[in-house]
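My structure is below; once you've seen it, I'll send some questions.
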Amino acid sequence: MKIPVLVINFKSYMESIGKRAIEISKIAEKVSEDTGITIVVAPTFVDIVKVKENVSIPVFAQHADPINPGAFTGRVNIENLKDWGIDGIIINHSEYQLKISEIDFLIKMARSKNMETITCTNNIDVTKAIAELAPEYIAIEPPELIGGEISVSRARPEVIENSVKMVENINKNIRVLCGAGVKNSEDVKRAMELGSKGILVASGVVKAKNTEAAIRDLVKGMGE
Amino acid sequence: MKIPVLVINFKSYMESIGKRAIEISKIAEKVSEDTGITIVVAPTFVDIVKVKENVSIPVFAQHADPINPGAFTGRVNIENLKDWGIDGIIINHSEYQLKISEIDFLIKMARSKNMETITCTNNIDVTKAIAELAPEYIAIEPPELIGGEISVSRARPEVIENSVKMVENINKNIRVLCGAGVKNSEDVKRAMELGSKGILVASGVVKAKNTEAAIRDLVKGMGE
Amino acid sequence: MKIPVLVINFKSYMESIGKRAIEISKIAEKVSEDTGITIVVAPTFVDIVKVKENVSIPVFAQHADPINPGAFTGRVNIENLKDWGIDGIIINHSEYQLKISEIDFLIKMARSKNMETITCTNNIDVTKAIAELAPEYIAIEPPELIGGEISVSRARPEVIENSVKMVENINKNIRVLCGAGVKNSEDVKRAMELGSKGILVASGVVKAKNTEAAIRDLVKGMGE
Amino acid sequence: MKIPVLVINFKSYMESIGKRAIEISKIAEKVSEDTGITIVVAPTFVDIVKVKENVSIPVFAQHADPINPGAFTGRVNIENLKDWGIDGIIINHSEYQLKISEIDFLIKMARSKNMETITCTNNIDVTKAIAELAPEYIAIEPPELIGGEISVSRARPEVIENSVKMVENINKNIRVLCGAGVKNSEDVKRAMELGSKGILVASGVVKAKNTEAAIRDLVKGMGE
């Protein structure tokens, strides 16, 4: 995918599940077409196929279970996502953390199916560890900033700056995303200056009164 | 739903995910229409909306996460399933067991949305415990019979017989299903004689060489 | 054990781990000897053998893993607790909830070793479900009262009263304990009047400035 | 600790819990004194304090929960182990795998208490990831060799050899242990030649008919 990227994690908010997932995705698609900026949407497992049918921007899953196809009830394997053309997977989100061996399994399995992964991390050391597993993207979410009002690029700019440097030392192909503490175009702009190649957002878009305005504001910070 | 019922759990087998989930569901629908027997299909979260769009028989989820809508990444709440008209939920399958407080939450939440639940249990005592939570269906899966060649109705008929009696004493509205050790119409017939109101199967149908023949054979045991 | 009982869950507070676990236990033993009221202490796995060596009041574990002895690293089976004479086990505490099949396994395994279990529940329906599994004690902890300032016997007396009735209908041998919202002798007295046969406390004793005074106050409510 | 090291994971086998944990530990201590080779014992949480009281060789826990002291029932924090002088902790064993953020937490917490950690890994990539978190020891347990009859140093010598090289590139202070597929002194000798600084064993010692002979045989391979 062309960088920078704006990744919208729908989580499972009342505002983003069911048919509303399609609506938000269509708005994201429209802004992406207008501005040329890559926008990725990540709806729930249940909504994901309908979203994929309705938009042409990349669609990622919020998670995948670290299993091969088989006798697993209630689980979603990567093959099942690939069947419907899903483009990639968010792995190890702070709300769905995984064992290290599972993260390794998922990154390799996704790569074998030509699907990209965004692996989430919570600090610089964990970011370095994950970099050794070579996901396409790493999204840093310092826990103290998740869901809060503080901007990562202002309050803790060194987390992004150092993570970008550390990851570059380990594997130049990995792109670092800023995964928390981004509220507006100013934050986005600053995150880009610090070396991040995009951002991962959720409530800032999903719970916005005006979805399109919220997406456009973030994209503006990417120098569209 | 009219009893008896045949519930087909697709799990996440290679043979039952993606577009193949729709194909199996259409076959199940056809047999149901031909015979008048209620057949429920339970595809993965990813396939479930496409299956629902393509058939008119009841479609159940294999699981739901015990949460309200909100900031949960990678999870599926009941509201999200209701959005697409999903009819019910399998809860506490032996491959995805839950805490007792979570089972209680899910049964109540499903009922409030007019969705039915099939709660799985592993022995008579657990069956009695779950009966106190009043799900619409309880499917008994003695662990020693899961995936094996032994028939529950022949090897351990007392498990079904006693469970049916015990559940009746606690709550007459709950229907007991036989959830393991059912391979053919003879097994089904015997399970019905022992008091069960239907069966829950998986690989017997999903991995059958001839899906339609496998379904027809099971339905035959229901006195169609 | 002679009722009523006061069960002190040490959790893993800084104030109750290591040698302090022995000190608190000795104070509890002294009060028990002075008053004749049964007091149970529940220290961490690490502290439990040293506590058992130092006091003669009943010592319970805060949890046990639902496994037989075998190739399990980092786990504690019931046999291992029995080896050192531990008297019983708290099961399914709100901070360590278990699958229903695991609760059933643990209650049966403990009974086969002549160890008693206190199974925790979060509401009346779950209490009824657990009553079918026949633990010696059920401790009700309504989640909205845990760790708070509200007294269960004043704010929600019907939870205790109805639970006691419901449990009695299912199994007369089970004793109901009040597991949250008990702060002082008045609360204890009220809980007893409502039919509970004891209480389960933690921070109220462990974090008290004067441990002995805190224990004596609670015991006073038991009509010592 | 002086290398090489022999680490004996007691797991929770019938043969190694309760007072038998003390007996095995005393045998290990005797062999260590006779040969000068460092031997570490890792009993269950329940047995660990009694073992520590009875031997002067290093005693490690098989696990620790990634929490600070507080309101956690049934959990064991590092502070609680430190209280009794426990020397170190096995982390992320294949039978008790952890989230990556939890491994990071535990390594840092243990270091702050002057306790060493042995972090287990399942392949070379995960080994590299864990090396970035700087535990004192990494024990490699390729899943296909655990509990089997195949020797890692013969069947897959490159796993050890490459892991040692990779870890050295990332952090020269980390010592690599061979954690599976070691049955006798020949295997141990070969593992040392391939660069490992010790081994982690379990059933080979715990379930041996003659514990002392089994330990002496392994130690012999370390060039005692």
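Labels A, B, C and D are assigned to the chains in the order they are written; within every chain, residues are numbered from 1.
The working rule: a residue touches a chain if its C-beta (ideal position, glycine included) is under 8 Å from a C-beta of that chain, and two chains touch if they have at least 3 such contacts.
Source: prediction; values computed, not measured.
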| item | value |
| --- | --- |
| Farthest-lying chain, centroid of Cα atoms versus that of subunit C | A |
| Chain centre separation (subunit B, subunit C; CA means) in Å | 37 |
| Mean-CA-position distance for subunit D and subunit B (Å) | 44 |
| Touching pairs among all chains present in the structure | A-B, A-D, B-C, C-D |
| Subunit D partner contacts - residues on subunit C that touch it in the complex | 9, 11-14, 17-19, 44-50, 61-63, 67, 69-77, 79-81, 83-84, 90, 93-96, 147, 202-203 |
| Contacting residues of subunit A [partner subunit D, same complex] | 92, 97-104, 121-123, 125-126, 128-133, 170 |
